[in-house]
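Here's the structure, in structure tokens; my notes come after.
For clarity, chains are labelled A, B, C and D in written order, and residue numbers in each chain start from 1.
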Amino acid sequence: MNPVSLETLNDAGREAFAAMLGDVMELAPWVAEQAYTARPFASVAALYQAMTDAVRKAGDVPQRALIEGHPDLAGKAAREGKLTADSTAEQVGAGLDRLSEEEFAAFHGLNSAYRKKFGMPFIVCVRRHGKESILREFERRLQNDAAAEREAALGEIFRIAALRLDQRVTGPDKLKVHGHLSTHVLDVHDGHPAESVAIELCEIEAGGGARILRRTVTNADGRTEKPLFGGTPIPIATYELRFAVGEYFARLHTPMSDPPFLSIVPVRFAVAEPEGKYHVPLLVSPWSYSTYRGS
Amino acid sequence: MNPVSLETLNDAGREAFAAMLGDVMELAPWVAEQAYTARPFASVAALYQAMTDAVRKAGDVPQRALIEGHPDLAGKAAREGKLTADSTAEQVGAGLDRLSEEEFAAFHGLNSAYRKKFGMPFIVCVRRHGKESILREFERRLQNDAAAEREAALGEIFRIAALRLDQRVTGPDKLKVHGHLSTHVLDVHDGHPAESVAIELCEIEAGGGARILRRTVTNADGRTEKPLFGGTPIPIATYELRFAVGEYFARLHTPMSDPPFLSIVPVRFAVAEPEGKYHVPLLVSPWSYSTYRGS
Amino acid sequence: MNPVSLETLNDAGREAFAAMLGDVMELAPWVAEQAYTARPFASVAALYQAMTDAVRKAGDVPQRALIEGHPDLAGKAAREGKLTADSTAEQVGAGLDRLSEEEFAAFHGLNSAYRKKFGMPFIVCVRRHGKESILREFERRLQNDAAAEREAALGEIFRIAALRLDQRVTGPDKLKVHGHLSTHVLDVHDGHPAESVAIELCEIEAGGGARILRRTVTNADGRTEKPLFGGTPIPIATYELRFAVGEYFARLHTPMSDPPFLSIVPVRFAVAEPEGKYHVPLLVSPWSYSTYRGS
Amino acid sequence: MNPVSLETLNDAGREAFAAMLGDVMELAPWVAEQAYTARPFASVAALYQAMTDAVRKAGDVPQRALIEGHPDLAGKAAREGKLTADSTAEQVGAGLDRLSEEEFAAFHGLNSAYRKKFGMPFIVCVRRHGKESILREFERRLQNDAAAEREAALGEIFRIAALRLDQRVTGPDKLKVHGHLSTHVLDVHDGHPAESVAIELCEIEAGGGARILRRTVTNADGRTEKPLFGGTPIPIATYELRFAVGEYFARLHTPMSDPPFLSIVPVRFAVAEPEGKYHVPLLVSPWSYSTYRGS
């Protein structure tokens, strides 16, 4: 679905409005209907605010219904293909459709324990997390009391809504729901940006395995044409950048040992703030390198 | 077998001498017998020189016999347990007893091609190489002409002999057959050596897999009690040091993100000179690190 | 004088045109008059090209007159205030009005030697050089033969003209006559840009003395609001950036020794390309730092 | 005077003992005489302990006399050449014989203020301090109350005594009165120690001026043959190491800009622990460097 402009939403009738935003809150079109009355919206942030206000003001019973409208993570509904389009895309994006047996068992056990303790499904904005981070959240939130957990669930619902709004609505402003991951390779042997360095971005999994997310190459300024992540949250996870510096220096006929001391340079780091700015550069000679969280 | 002193060798009778050194050159006790006549030896280097001189002076036919006395790498004799004790230990050390089907096929193919071209077994001092490095040598040397390859084979036989002598004989000197790999972790957040950092040394295999060779920990000076390699050649291969810096900084209650930006820092490098000195330190804060080939 | 737009120049009559550009080539209004015939100019670069073409086509006698119209560097005319406004500003900018006795004598001697050898004044685009760099150029060019030196003099006249045009004329393009020097301070102790770090930029003189050119401070992104050099060439010279990191870390109550290990961090470097991009960042903890030519 | 062995001291009669150690505590031979009764000493540390015990047990009046036996720093006695040999050497070593007018006035004023407040001379172990550090100590200790300052004065007397003992007596142990400053230059362009790099060690003075303390050069291992400081305390002060890396890379014909981006690399740092170990290495390419407090 193409995004709709804020202007169009402001001019829309109640029905059209609800049709466009009814699924921003999972199975709760009433939230969009409530928000309709607050038109016109000067900004996407104001629209988001109106929707969360509608939930806050609705009181206990509708809130509980909203929460219960959410599916289990990696649950029965997901396996049977019975999720909403949004939920399906979100769970697939987080890798919940390709769990190992052990992971599936872990999710199943946590879902049960959570339902038993809180009587509701566990809700987390999965686009902000990798698989292990979801499991860690699960365990952490199982320690909460009911009131804190109710609040945590609403908070996650609002995060999910903000990301859905960000995809559906264009306006004069952007919600602060995106992170940014970039790199930069500097050749300190010759004192200039390193061009045409092949880079892989991997996600490192619990067992140490690496899943390649992206393959790219540096341009004349030593940067990648597009950020490694941008326009989405960066899932909380461990990543590894792999820089093919051996090939790079070989192409420049830089004297090196055989095999070269440095060939693939792996830089492993974790993202803790999905909406943060992560710049992870590499300063490299054939015999040394450094890296850091830059800005 | 315990090493024997040079003094003892100098005092030994011909038979005892030959018994002690007869297997330094594979299946060629005549080399030790020849060297016997050059006694006494002022140094292990002189003894080594006497043995290589004996081979050089022996001329074509005995040299060819010496070469042909060597077993194939990962060949039939190895699988059937028919190698000399030395050759067995050397091939096992290089991992030739645990080849995958593909690797085994590769060795088999190269052995055949080599025998076909040169009419002799392929000889390489396997203690100086990892598996991939042996395969690379194989391919490189298949390009040689017969004379160059004959010379290459003798060179490798002499390297094997030097390492065997180094293990069997103690004297006032040491043959230059050992490499040295060490590390050092410096905490640049607090300006002192990083103590109790857990370190793994892995060998990185062709497919990207990692085989753990050693687990150790830094002492109060940020170094390991023993070198990571010392007293042997460092096989030509790709290695990865993995430094558990996240745990280290957590123990010091250093403020970090959750999860920490740096947890395991992998430093991947190749060794090209088995007899070289490789010092690979890590200068690290919770947000940055650098490494280099030091001295 | 305010810059004039290329459009205005294209619309101007011959006299107005010459009035506006007559002094772009020192004491040679005929160059602008020649260029007038090539109107209209699509770009400042085209205008510049027309003026240099006019000189090239004029042949030997006018070229020699153009060269001889230039004043000596730090010469009698300068001391007596008899230079054109442009030449005065240029010589003052390069520090030629505040020479020591020794430097004055050096310039005087080189002027005489140069005139004796080549029969013309020594011309160099002083805005691209510090004092020592001018002296080095002087000595280097004294080695030239007459033809090479004639060419060198014209080249410098064109550089001077390009910088004068750049100041006088605005258009759709910019001549490539500007350098860029910037810095960036990153706190690798806490993993973020270092804000409010006081920075001095000095020029380092031959005897080792330092002349402060600029004092500034980093912003929230660890950068300075304006580049340290921008919109002009960076004179070929040795510079030192001095970063007050001790004060910075003290403000953050970072644990340090007393006195702190690092207080003022000096970073000394030379600029060789006046039109180049020099980014010289500092990555710093209280116990370590690194710097490099970045991009 | 040549050092005397602990053995000789243990065997000496009372008078000889006192003659050898009578001036360890300024103008207080009774301290050595008291210590004599505690012979024999198993270590230099035990001898030192016996002397400080003697002072501690002597009580108020002799302690006060001991304190008052010390000369003013940069005072009248010093100018008139009336100090003991030890005090003269110590004050000269700290540069107190070459004060500027302003510094002299500062010392004079502080001496007067101190005597007025505490009725005794200001005592500090000057071999542990540079000039500015002494002035800072002066100002800091002027804030003390009488009891704390009495204790501070005794503490400094003991430090002075320890350094005098360290010079006069050899034994099985060494008092921990020495610091260690070293460096190491690593060429990360070519991946080996940087040999024949000229290094200057300067002390940076309050006004920013630099006094050269030592000139040296790196050996094949990139280190200096002798430590920059060793066998003495390192005076608390700001230092600058200046590494002539431009010359070094030029000798190796490393491609560089003209003038080279890096020529002299200054590394400025302060020493806070005179008995500490300071290792300040430089990792350098023609376009980048890093430094840190190592170990």
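Rule of thumb we're sticking to: a residue touches a chain if its C-beta (ideal position, glycine included) is under 8 Å from a C-beta of that chain, and two chains touch if they have at least 3 such contacts.
Remember, it's a predicted structure, so these values are computed and weren't measured experimentally.
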* Asked: Based on CA centres, what chain would you say lies at the far end from chain B?
  -> C
* To do: Consider the two chain pairs C-D and A-D; indicate the one with the greater count of contacting C-beta pairs.
  => C-D
* Can you check how far apart chain C and chain D are, centre to centre, with Cα atoms defining each centre and the answer in Å? => 46
* Structure fact -> Taking each chain's centre as the mean of its CA atoms, chain A sits from chain D at a distance in Å of 58
* So which bits of chain A are touching at least two other chains? -> 188, 191, 257, 261, 283, 287-288, 290, 292-293
* Asked: In the complex formed with chain D, which residues of chain C make contact?
  -> 133, 210, 236, 238, 240, 257-266, 268-270, 272-273, 283, 287-293
* **Complex contact set, residues of chain B against chain C** => 188-191, 255, 257, 261, 283, 285-288, 290
* Asked: Tell me, which parts of chain C touch chain A in their complex?
  -> 184, 186, 188, 191-193, 221-222, 283, 290, 292-295
